[in-house]
Each structure stands twice: as C-alpha cells, then as structure tokens.
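Both complexes below contain chain A, partnered by chain B and then by chain C.
Up next, the complex of A and B:
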C-alpha cells in the first residue's frame, strides 16, 4: 500500500510541475528552484509533514521534500540552539544529499564524456 | 510569403509552433515521477529495516538516489528518461543530481576549476541559494513567533 501511495503522490507532484512547464515559459531550472522554495515554506508552516507521513518517499523524493528537510532542520536547530541553530540546521539536515551531489557530480564528469547531441 | 506583414507573419508562425501534447506529457510525468518515488520508497524501507532512524534514512535515501541520478546522467541514460518524463524526471532529487552532473560534464574541457567545479552549480547554485536563504528565514521566524508566546 505504501508503494502505491508513494507512486500516486510523487506522480501527482510531478504532474503539477509538468503543467507549469507546458503552460508557462518557465524552464525545469525555474521549477526546481520554485518547488524547493515552496517545500521550505510548506515545511515551515507545518503543511508538508502530514504529506510525508502519508506518502513517504512520494513526498520526500521530489525536490519539495528537499525543501521540507531544510525547513525542518532549521526549526529543529532553532529549538535547540537559537539563532545559530537556525543558520546551521537546514544544511545539517540536508548535508548528505548536497555532499553526494557534489562528489558524485565531480567524479562522473571525470569518468564520462558527454554524448554528442544529434 | 514575401508580402506578409509582421502581424500576418506572427499568426503564421504561431500556427507552425507545435502545440505541446498536454495530456500525454502529464501522463508521462506522472508515470516517470511515480516510478522514481516508488523506487525511493523501496530504498527507504530497506534502510529502515537495517535499523537506521528517520534522519539517517532520509539522508541515506537522498545519497543513494543522487548517486543513481549522477551515474545514469554520466551514462547518458537520464537525458533519455528526461525526454520521456519531462517534469517527472526533473522534479525528483535524481533530477537535481542530473542538473549538477550534466553541466559539469559538458564544461569539462574548460578545466577542473572553472569548467567542472564552477559549472556544476549553474542550476544547483540558485537552488541552494533560495533553499538555504528561505530555511534560515524559517528558523528565525520560528524563534520570533515562539518567543512572543
């Protein structure tokens, strides 16, 4: 059941993005930034957490979930360490993904040659 | 053709622009995005089973998906998934990974510092700028609102 919920919620989030792509002049890069920021806001006001509980990876794998983790981390940091925690919490919570993106991005660009576009 | 006014030409050009196939695009975004998230759920469950807590599972899932997104981009497979899935491939965290690896590979010839290391943040840079900024604001707002109580 949780796989079906992850599939449907994750799929629907992507459909929203696809509609924005097709009906506006925004590029995928705009969508990434907008969805991430939306995730931070939704996470900050507590609206995203119920979706994570309901859909699991369907809510955390889309970039909205990355924003949610950032907001969640910042709030937890603020709870325990005040203003300093508000600064450190977000990146601490998402450090794994960011570090992975940097190191794997670097390695892949050394190992693989870009395919020539036809 | 040659006697067309600007307006007439604009109308003519608009007709020639292919109309996006909305329904098919939405369906493919749904399927591709859904499949990636279902796979994410599979990894999540595996990590939970190995006894990790919620935070470690979230981090581990992100790391594994980012790795797979980077590898598939390097192999040239993710671009094909992107052509089929559109936003369904762009919005999951594997798409974020793709947005880093793709420009890094393309600008490899410009060197390791100003090519790879600099260009990998063409899209990820703005994402991090807005993400980090808004998260710090959320944390500070939280402090302001809870201290007032």
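Up next, the complex of A and C:
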C-alpha cells in the first residue's frame, strides 16, 4: 500500500511538470527551479510534511522533496544554532544528496560519453 | 553606377556564374531520410573518429570542400576564394577548415541562411571579374548546435513540438566564370525582418516574415511571377514556417501552393523520424541544394529554381536578455539557361 501511495503521488508531481512543459514556454530548468522553490515554501509553512507522511519517497524523491529538506534543515538549524543555523541548516540537511549527486555525476561522466539523440 | 542592380534589393548577373561541382556529406539520420539517394556520402557515425562534435563538424566541412574541388577536377590552387560559414561561435568549423586548405578565405555568418549568402557573394565576385573559381560552403551538426543553442546533450531535455532538428552535414558548391550550368542568374539580398518572436524553439515562425519579405521583393524587382519557377524552396522554415509563408503570401496576392516547399520539410520524414517541425541548420539548405536540387537540374527535371535559405540571427545570450529573433532570407535564381 505504501508503494502504491508513493507511486501515485510521485507520478502526479511529474504529471504536473509534464503539463507545464507541454503547455507553456517554460524550459525544464525553469520547472526545476520552480518546483524546488515550491518545495521550500510548502515545507516552510508545513504543508509538505503531511504529503511526506502519506507518500514517503513519492514525495521526498522529486525535487520538491529536496526543497522540503532544505526548509526543514533551515528550521532545525535555526532552533539549535540561531541565525547562523538558519543559514547552515538547509545545506547540512541536504549534504548527503548534494554529495551523492556530485560524486555519481562525476563517475557517470567518466564512464559515459554524450551521444546524438535518435 | 550600379549597372547590375535591379529594383531595390536584387542583382542580375550579366555573366552568370556556372555551378561546376558540388558535394554533400550528411549524418546517419539524414542518410535515412527521403532524400538519402541524393547525398554523396553518408556517415555511419556522426563523430567521424573525432574527439568532439565541433571537431567532427569541422572535419565534415573540410572533407566536403575537398571532395567538391576534386569532383570538379581542380586543385586548391585553382580556387580564388572560399566563402563559408556555420552556426558555431566564431564560425570555427569554417575557420578550422580553411586552416587546412590554404585558400583565401572570407568567413560569413548568416546562421542558416549561409548557403545562399555565400552563393550570392560568390556569384557577385565572379561576375564582377574578381575571381574565376569560388567555393561556397557551410556546415552544421545536430549535437554541436544543440549544446550551443539549446541544452547540453547530457542534460537529456525533451524537445518542444515546434522545435526543429539541426541537420548534420555540409554542402559545398564550386562556382566558375565558365561552365555549362546550371547558372546563378539573379540574387535578392534579404533585409532583417523581426516581428518580435522570442521563442527560440519556434524558429520557423521567427524567420517566416523575412522569407515573405524577400520573396515579394524578388518578384517585384525582377518582374517574375511564382509560376516562372519550377520550384521555390526555402531553407529551414519547417512545417510551421512553411504554412505561415503560404498564408502570408496568399494575403499579398501570391499563390505558391503548387511549387513552394522547404528544405527542412523535405529532408526528414517527420512521422517516422520524430523530427517534430522538420530540419534546420546551415546544412539543411546546403545538402538539399547541393544534393537534390543540383542533381535534378543536371538531369533536366528542374529548369529554374528559386533557392532561399533562411536564417535566425540571434544569440542565446541576447535572447535570454529578452530580445526577439531577427530573421533574414537571401534568394538566388538558379537556371539551366544563362538568360
């Protein structure tokens, strides 16, 4: 049941992205940044938390979840370390994801070469 | 006195230069398209053994020019000028090609209009008596253009339905003061026309008004009507641009529905090859002209053709700063007879 909820919520987030891509002039980069920012705002005002509880990875894996983690990290940091914590908390909370992205991205770039699309 | 000027933007050549040799090289995708039998050489691998897409494009252009010179039974010393250009920053494909050839070189930037820009200027140089033989050439490469103008390939972005597919390939034409045709008899130089379109994934719509402007000017300057041509063909307007041109011309009282098409529409099978709005890029007009049109004219199946390559003269930087896309179109008349 948890898998199905994750699949539906994660899928719906992607459907929203695809609809924006197909019906507006926005580029994938615009949508990425918009979703990330939306995740920060929704996470900051506490609206994303219930979705994470309901859908698990379906809500945390899409880029919205990254924004949510940034917001949660900044709030936690502010609680424990004050103003400095508000600045450092977001990146601290997401450091695992960022480091993994850089390391795996680097490895993939060594293994694979870009090719012309078919 | 501009003795050879006709009307506002056209020149009539008094000693029309003859096309004596052409050559085309295309990538694998173009080699699967409807015009595959007209291309001289089809690459199996669009990297062609090079380390980058840009180096591959330069090699494609270099080999195309060498083969065109060879086809005409000429050597590099017989050529007075190369007029060439491409889409890459600082037109590197053309410059690095010219580096290998030791032929006096004029680099042109007309984006996808480069083929007719170079043919117009080449014809003027020859008719003016400044040269006997000139090479006109251009190239483009899907992957080098994609990462310069759109997104890096590694990014894996989805292509918009109005977007076009940059043709991988190169075409070269050798013009000569003597020869038995086909001849370049008229050239109409386009003005920049910009109707304010900002969408870089809809180039056809951005260039269509320039194409219409050049076509109408050509008919007014020369006194020709559309029916004087067997074929009127634009460079890379694609499906969307082509239908806009037909609509706009109809409003102006010109009916081109029987003999007008676009190189970008013809080069790919849009249904089977998933190219969306059609082909684009400098090589689009270059390979369709130097492959299909030239060979059909040599066979006598086409006697009089108006070739009009179209260009979108923006850069990604100024486009991102909110500027719109300036369009241009240069037309040349190619005739199997001198008059």
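Just so it is clear, the second predicted complex is superposed on the first by the 115 of 118 C-alpha atoms of A that agree within 3 Å, B and C clash if a C-alpha of one lies under 4 Å from a C-alpha of the other, contacts with A are read in each partner's own complex, and residues count from 1 in each chain.
Convention: contacts are C-beta pairs under 8 Å (C-beta built on N, C-alpha and C of every residue); 3 or more make two chains touch, one makes a residue touch a chain.
Since we're looking at a predicted model, the values are computed, not measured.
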First (chain B), second (chain C), both or neither touched by A:74: first
Which superposed partner A:109 touches (first chain B, second chain C, both, neither): both
Chain A residues touched by each partner, larger count belonging to chain B or chain C: B
Touching partner for A:31 - first (chain B), second (chain C), both, neither: first
Which of chain B and chain C A:82 touches, first, second, both or neither: first
Partner chain in contact with A:3 - chain B first, chain C second, else both or neither: first
First (chain B), second (chain C), both or neither touched by A:43: first
First (chain B), second (chain C), both or neither touched by A:21: both
Chain B and chain C contact sites that coincide on chain A, given as residue numbers: 21, 28, 109, 114-115
Complex interface listing, chain B residues touching chain A: 20, 22, 25-26, 29-38, 40-45, 55, 58-63, 65-67, 70-71, 73-76, 79, 85-88, 90-97, 99-102, 104-106, 108, 116-117, 120, 123-124, 126-128, 130-132, 134-136, 138-143
Residues of chain A touching chain C in the complex: 21, 25, 27-28, 109, 114-118
Complex contact set, residues of chain A against chain B: 2-3, 6-15, 17-22, 28-29, 31-33, 35-37, 40-41, 43-44, 55-58, 60-67, 69-71, 73-75, 77-79, 82-83, 85-87, 89-91, 93-102, 104-115
Interfacial residue positions of chain C with respect to chain A in the complex: 27, 29, 46, 53, 142-143, 146, 151-155, 157-159, 168, 199
